Every structure is written in structure tokens, then in C-alpha cells.
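We call the chains A, B, C and D, going by the order they appear; numbering starts again at 1 in every chain.
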Amino acid sequence: AESALLEIGRPTLVPPLPSAHKYSRGYVLVAGGAMAGAASLAADAAIRAGAGYVALAGPEHGEGPLALVQRLAVDPRTLADLLADERVDVAVAGPGLGLNDKAEARLESVLAAGKRLVLDADALTLIAKRGAETLAGLDAPPILTPHEGEFARLFGDISGNKVERAREAARRSGSVIIYKGNDSVVASPDGRAAIAPPAPSWLATAGTGDVLTGIAAARYAATGDPFEAACEAVWLHGAAARMAGPFLIADDLIEALPRALAACL
Amino acid sequence: AESALLEIGRPTLVPPLPSAHKYSRGYVLVAGGAMAGAASLAADAAIRAGAGYVALAGPEHGEGPLALVQRLAVDPRTLADLLADERVDVAVAGPGLGLNDKAEARLESVLAAGKRLVLDADALTLIAKRGAETLAGLDAPPILTPHEGEFARLFGDISGNKVERAREAARRSGSVIIYKGNDSVVASPDGRAAIAPPAPSWLATAGTGDVLTGIAAARYAATGDPFEAACEAVWLHGAAARMAGPFLIADDLIEALPRALAACL
Amino acid sequence: AESALLEIGRPTLVPPLPSAHKYSRGYVLVAGGAMAGAASLAADAAIRAGAGYVALAGPEHGEGPLALVQRLAVDPRTLADLLADERVDVAVAGPGLGLNDKAEARLESVLAAGKRLVLDADALTLIAKRGAETLAGLDAPPILTPHEGEFARLFGDISGNKVERAREAARRSGSVIIYKGNDSVVASPDGRAAIAPPAPSWLATAGTGDVLTGIAAARYAATGDPFEAACEAVWLHGAAARMAGPFLIADDLIEALPRALAACL
Amino acid sequence: AESALLEIGRPTLVPPLPSAHKYSRGYVLVAGGAMAGAASLAADAAIRAGAGYVALAGPEHGEGPLALVQRLAVDPRTLADLLADERVDVAVAGPGLGLNDKAEARLESVLAAGKRLVLDADALTLIAKRGAETLAGLDAPPILTPHEGEFARLFGDISGNKVERAREAARRSGSVIIYKGNDSVVASPDGRAAIAPPAPSWLATAGTGDVLTGIAAARYAATGDPFEAACEAVWLHGAAARMAGPFLIADDLIEALPRALAACL
């Protein structure tokens, strides 16, 4: 059931219908943790990428536009309560989550919420401990966004080229994999796979992965298709990087997102 | 006493007179509550829309320009004291107010203040419990800004088309109604009614209603006529949305307001 | 000893000498108080107007660029200690100071510091209680920036036109007076007086006076001449308002200052 | 072993390789202290100047882009733990460090970390007490950035012109010296020395030195050569100042950095 390898190109995005409201455009909840900055980057990217409602729920307030809804969630129980809201479409965990017991408990709340998920960073490290195959039972395939090191932690050494490794990882984990790098690869457990054109090497700077995660969450909420969402996110992330120019920092990507998105209308 | 249906067009705004001072241009007090972000959006919009003095009075500090006056008002008594200032022209309640007992008490302070009011969001939900007709006894007609769901909560099912429903709601509640949506309708208890040209569907995102509320408050303070103010606010909100462009977030509307306002001089 | 009435025109500012350092360009200390926003506006305006070093010393942190030095000064004793630094050129009190006993004590520290002073807002109200003539004994003439109401509180009813009243007020108080309004007048106890061209009426909005105070402080520190500084500040303030355009808020003036200043090189 | 005096010109910077990741582009840790603003300026400059990962570790949170990693380090032991991370390339101490016992202890942690160092401001004052020659034993030559006063405190009166004094100071302290001023001089203990073209006198304003320190740290992390890094930092700092224009403040330099850097590609 392996499809041909696609090349990721500019997606076509559609304006909201006249009847749209904020929740119909997607409610993304970002679970914060030890580091408010990283979670804020993901949340800000999600709202900039077109999610209609984004809440950042962590033990302290983050930073972002006023349109970002900040909810204090000091203990994982509060996080679970917020996730129980049926309007939540996609939950994000990983950026700034931390690796201690509290982080484990937060991740547990997210995994148990029955939502579409985007998992990154510390969430991947924590999942590696219990085995990536434990994700296969989720209601909908989550999107995982490992870089090289996280991929190795999650999947050990899979043989083959990067595309083959991504496909195998997607299969094992029942997840859509964005295997990051200069030549990011996206693979779905349903056999679809795609490769991105080379991204600017200026992306090698702190927080750019958190931004990708936020974009992927917004697109997952908008489309409901994790593979499509992942491909769109990779393209938008690369386009924003080209627009942000040399010596970019992660914040610049978020600022460039509206232009990258407008190029897809 | 039903007037012809007007179409909302670009308003004509006048520069302040040489003798103007900050209070003569309007003092808007925004009552904050559970969510500082939403109240901040309303307050920032009010100051950007030309109110000469805007105070945000809530249990925690909000965010905004330095020109925004932030007053801590942890308990409703303090809020009432601030509202007792005779220079206050318009009070706003609703954005981020919350729905618990404290929110009730804050709303009570606002309703009892004898000021012109703009009521939105959580305030509308709380008022629905006691009946929209309870607003009819206020000194001046308040502006209410319900979306579809809030309208239903406030007025149950009124028969007729959107304009007819808005007119009937205005009559029952003695309030100017901005019945929001892609095709917003404004109706006054004195029989005036107007319909807005279609607004960009990009407005379907968190916080844009809070911005409309702030604009309405500034214009109500400037003109003293709640129907005029409501129509102007709807036009300015739509114009700011067109200027902000696709994938706008609520903060972008506030940034675009000066250009929208300048187009009315 | 009354000079002819001057008309305030564009000042000529000079770049720092190659040998300049931050303190030689002027150290301005702004005493904060009850309202951090107003004091921040004054401090931010001072640093933007070319003071080499600006400290904001109040009971809580204010907001501003990172170049603004924030010093907690919860009690007036700490404020006095900071003012004892011989590098401080100009001290500012008034914006956001408050009117209670603590405010009185802070003002006392400022008056006792032996520095050049710029006094505004709440400081003027507090000084009115003890009599404006008490300022005549200061080491250097302070700059006072009363609007109509503050002028009346400070000087009661002086007969004559605005220029005559300003001249008399300057004489009585031994202070340079910026008698604010659409047609601001500056008068010095040494007999000099000047009138400003009409300023945009858009200045009638909260916090614009705080910005004027900050500019005056920076220019007083730079020139050592309070009359010159006051005239320059009034011109720069008006120019920034013209550049900021209609519906300006106080923050916009600070943003426009670099352009207004550059026009004077 | 004295080389000819070089003139500092525009450096040539290279884009990251496709294989780059955030840590390979340099991990800079800035030790904060008494004044969060100064340390934030250094950290923000470092991340804007191309360091792939910048952490600000102080007793309170600083300000900066979301990409800046903020770590609370209330006691020096925590700072030492953060510095023990082998991925840290360059540590910065001085801006906003303070001069009390806690500052001493923080500096001790930095000096003992075995990292490349950039030392400025309060760190230089503290080192002057123990003698600049105590730096000669460090694993790698630190970069010191004294202005005239700090130079005198560190090295007493060395005879000769500014270049000769810088060379002698570099020799004694085993450090690369950026001897700041309108005509900054860079000298290395290996005999290299260079002089900068005159910088805009507008740099005489609070915090510009902190920005230089941050740039130097980023370049030291990128190149591993403290003399090259120091020369590049001086050039970039001057170029950013020219781009920021008259009446610049330190924050403007950081904003101008991307353009200054892009001019070197």
C-alpha cells in the first residue's frame, strides 16, 4: 500500500465561507509546560496560520497576540478539563513541555483527550520511552515532527533511505511523520509520502521547529487530514523562511506567515 | 414607528475642535474579568478608535499601549468606585468578563452606574438569564452586540428575517442591537435599522468581536447616539478587516484602525 | 525685564561630539508612582528624545525599550538615594505620581535632590497645595507643564491674556512655564516668552502631556537652559503629532520622535 | 610577535551549511544579574547576530523574542549547572551583572565553566579588583570590551597610544581586548591588532555596549577565533548604528542587525 513519492508544492488554501465562525475554522489547544517561550511560539504560529481559536494552557502565561487565549493550567487535571471541551479540534504537546513527572502527566492528559494531536520535541522524547507503537491506538493519526535525533530515539535504527525510514516509522506508530531536516520528508501510515524541496539553512536556529508544529496544528484543524496538513505546514514553513531572509530567528517566521499564506490563495 | 432600512456606508468623522481635551473626546471604562486578553482587545480598540481616555479596570493588568490607563479592580466595589467618576462616558462589559458570581457582581456594578453601556459576550449570556427586557429601564439605550448564539439566548426565537428579528429585539430590550454575522444588522428601539455590506469572512477568528465592542464604545462616547455609533463601528470594523487582509487576527484589526478611521475624514 | 514674544520654530540640534558618552548626553531620572503607564511614557519619550541615560524609578516596573533602565524604588528613601547620584542631570516627577502621602514623599525627594526638574500632572496638583512660589528657591528653575486646569490650581486667576498669565506665573514660581493648550506658551522667570504655532487637535488624548514632559527633560539635560529646552520640546511634540497623523495616541508620538528629531539636524 | 595594525573592514559571513543545526551555529549563554534590561540587550543581540541558541540565565526573566530561551537562575549554583552543558560554546557576563557578592559568585561560575567568554561592564569592574592578569589562565582567550573607564580600572595607566595600550593589555590579560570608543581598537594576545573606522557618535547612549557584547559572543561561537569575532562584532555594531540613524537607542541597533549582517553575505 505504498504510494508514489510526492513532491511538496505550494498548497491551495481557501478563504473561510461566509458562514464560518471561529470554532469552525479550528480550535487548537497548546499544552505548555516548563518553558513558556517554546509553547508560545507554537501557539502564536497556530493562530497566525489561520486557526480560528487558539488556547495556550500552561503553568504560567505565555506571550503572544491578544487574540491568543491564555489559560492557566498548573496541574494536569486542569489541562484535561480544558481538553474535554468538545470544540477543541487539535491538541499540541511538546514545545517547552519538559521531561519530568509533571510533563509526563501533561502528556498523558493530551494523549487521553481523544483529539487530533501534533506531538513534537519533549513529547517525542517522552514517547520514545514507552515506544512509538503505543501511538497506533489513538482515535486519529497524530502528526509527529521529529528531527534526526528525535527520530532515532523514537524508532531506533531503521534501515533504508530517509523516505523509507519515514514510511516505516509512520507504519509502526500509526502516525504521520514529518521527518525534519534540510530535506524534510512526510509519511503517512496510509502509505502516502512526500518530500519537501530544500529549505533555507537559516532555519537552523532555536524555535523554528515549534513554529512548524503550530502551523501543522492549524492546518490539521482546518483540513482534518494529517498528511495534507503536514505537507502544507512544511511548505508554509519553508516559504516563510525564504520570506524572512538570512539570519532569521523563529519569531520572524511567524511574522512572515501571513505573506506565505496569502501566496496560497 | 419603523423607519426604512438603511445601508451602512462610510461615516464622516470630524477632527477634534481646537478646544478639545482628552475627556471631551470621551472616557471609556472597560470592565475586565476572567480573561485579560479579551478585555484588552476591547480597550485597545477603544483608544485606537479615538476615545480620549480609556481605562481598563480588571482583577489583573491587561496589555495595551502605554496610553491605556490600567486600574486594578479586584473586587466589584472598586469597579463601582471607578464608574462613579462623572467623567466616564461609556462603560463596557462582556469581553473576558466570565460567567461566575464575580462576573455577575461586576456586571451589576456596570448596569448600576448610570452610564451609556456597550454589552457583549459574557455580559449577554448573563443578561439572558435575567431577561433582555430588564435592560429597558436604563438611563440611555445600551448597545448590545450579539452573534447568532447570543441572540438566541437573549431573545429566544423571534420570527421573521434577520432585520425583523433585530428590530423586535431592540424594541423588547430598549437597546441598540448589533446583530453580528456576515451581514450584520443594526436596530434601534426608536425604529431605525440598518444593514451592513458583507464583511470579510476572515473576521471569523477569536477576538474580532471584542474589537467591535471597543470601537462601538469609542464612537458612542464621541457621538452620544448609540445607533449612529453602532453603524459607524460596524463600518470601521469591516474596513479594518479589508485593510488587514486575509488570515487576519484580531490584533491586526486594531493595527489597521488608524487607516480605516483616516478614510472617514 | 520683559523680552519680546518669540515664536517657537524648528530648533537646530547638534549630533553628539565624538568624545560624547552616555552620561555627557544627559541622565534623566523619572520618578514613578501610582500609575506605571504615565511614568513610562515620560521615560520612553526622554530616551527617544536623545537623553543618553534614562532611569525609571518607581514602586513597580514600567514598560519601555530595553535601553531604559528600570530601578525599583518602593519607598521614597530609595528614590532619594538614586537621585543622590551626581550623574543625574534632570529629575522628572508628576506623570502617574499619585496624590496620596507616598506621592507627597516622592515629590519631596525630588524637590530636595538639587537637580534640574521637570514637574507635571500630579506633581503640579501637589505643589498647588503648598504654593507655586515655594519653587522659587530651587537651585535651577524647574520646568512646569500645566494645562488649563493645573494652571488655575497653581496660580489662581491671574489677569491678562495667556502670554501675560504665563509670564506672571513664571515670575511668581521662578519656573519656566509651558502653559499647554492648542496654543502653548512658554515663559521664563528671566523674562523670555514664546508662543507655539497651533498644534494638531489630535493631541487631545491621554498621555500626550507625559510625552511632552519626557522630551522637555531630555532637552533640559542636553542644553542646561530650561527655556530653550521647553521651546524645543513644544516644537518637537507638535512635529511628532503632525507626523503621527489623525487619531494618534500618545505611544505614536514616541514612535514619531526620531523623525521629528531628524528634521532638526 | 607584533603584527601590523589592521583596519577593520566589512567581514564576509557565510550561510549555514545544509547540515547545520541550532547548536552547530553556536550556543551562547548570557548570565544575568541585577538589571534584566542590560542582560536582555546582550542576549537579544546574540540571537539576532546568528547564534543558533541563546539562553538568558538570571534571577528574573528578561525580555526578548520568543526564540530566546529564558532560564531562571536565582543562585549561582543553578547558573553553574546550566554552564556545565557541553553544548554551551560561549558564556557572557557583565551586562547588568551587578557588583555585590551575588554578582561575584555568578562571575565565579562563569570563569570556572571552561567556556569561551565575553566579559563586559560589571564583570570588568569585578575582575579589576582581582587583577586582569588572573584571566591569562583561562582555557581560551576571553574577549573583554572595556570603555575608557573600565580600561583604566583593569590596566591602570599603560603608556603609549591607544593601540599600544590595547596590545599591552591583551598581553597582560591573555585576552582579546575591544578597547571601545569612537575609534575602537581590537588587540589579541597573539599580537594581532586592528583599528575600527570612526563609529557614529550617536552610539553614546545607554546599552549600546551590551549589544556589542552580544554580537561578539555570537561571532565567537560561530568562528572560534576571538580576534576575528571581535573585529566582526565591532564592524557589525558600527554598521547597525549607521543604519539605525541619528538619535538611535540601543534597541534600534538590534533591529538594524539583520540588515548589517545581510550586507556581509
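To be clear about the criterion, a contact is a pair of C-beta atoms (placed from the backbone, for glycine too) under 8 Å apart; a residue touches a chain by one contact, two chains touch by 3 or more.
This structure is a prediction, so every number in the text was calculated from the model and none was measured.
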Interface numbering overlap (same over half, different under half) for chain A and chain D: different
Chain C on chain D, rotation in degrees - Cα superposition, rounded to nearest 5: 90
Chain B-chain C separation of Cα centroids, rounded to whole Å: 36
Gap in Å, rounded to a whole number, between the CA centres of chain D and chain B: 51
Residues of chain A engaged with two or more neighbouring chains: none
Touch-based graph of the chains, sorted into line, ring, star, complete or other: ring
Contacting residues of chain C [partner chain B, same complex]: 35-38, 40-41, 44, 63, 147, 182, 198, 201-202, 204-207, 245-247, 249-251
Residues of chain A that touch chain B when the two form their complex: 15-22, 24-25, 47-50, 52-54, 65-70, 257-258, 261-262, 265
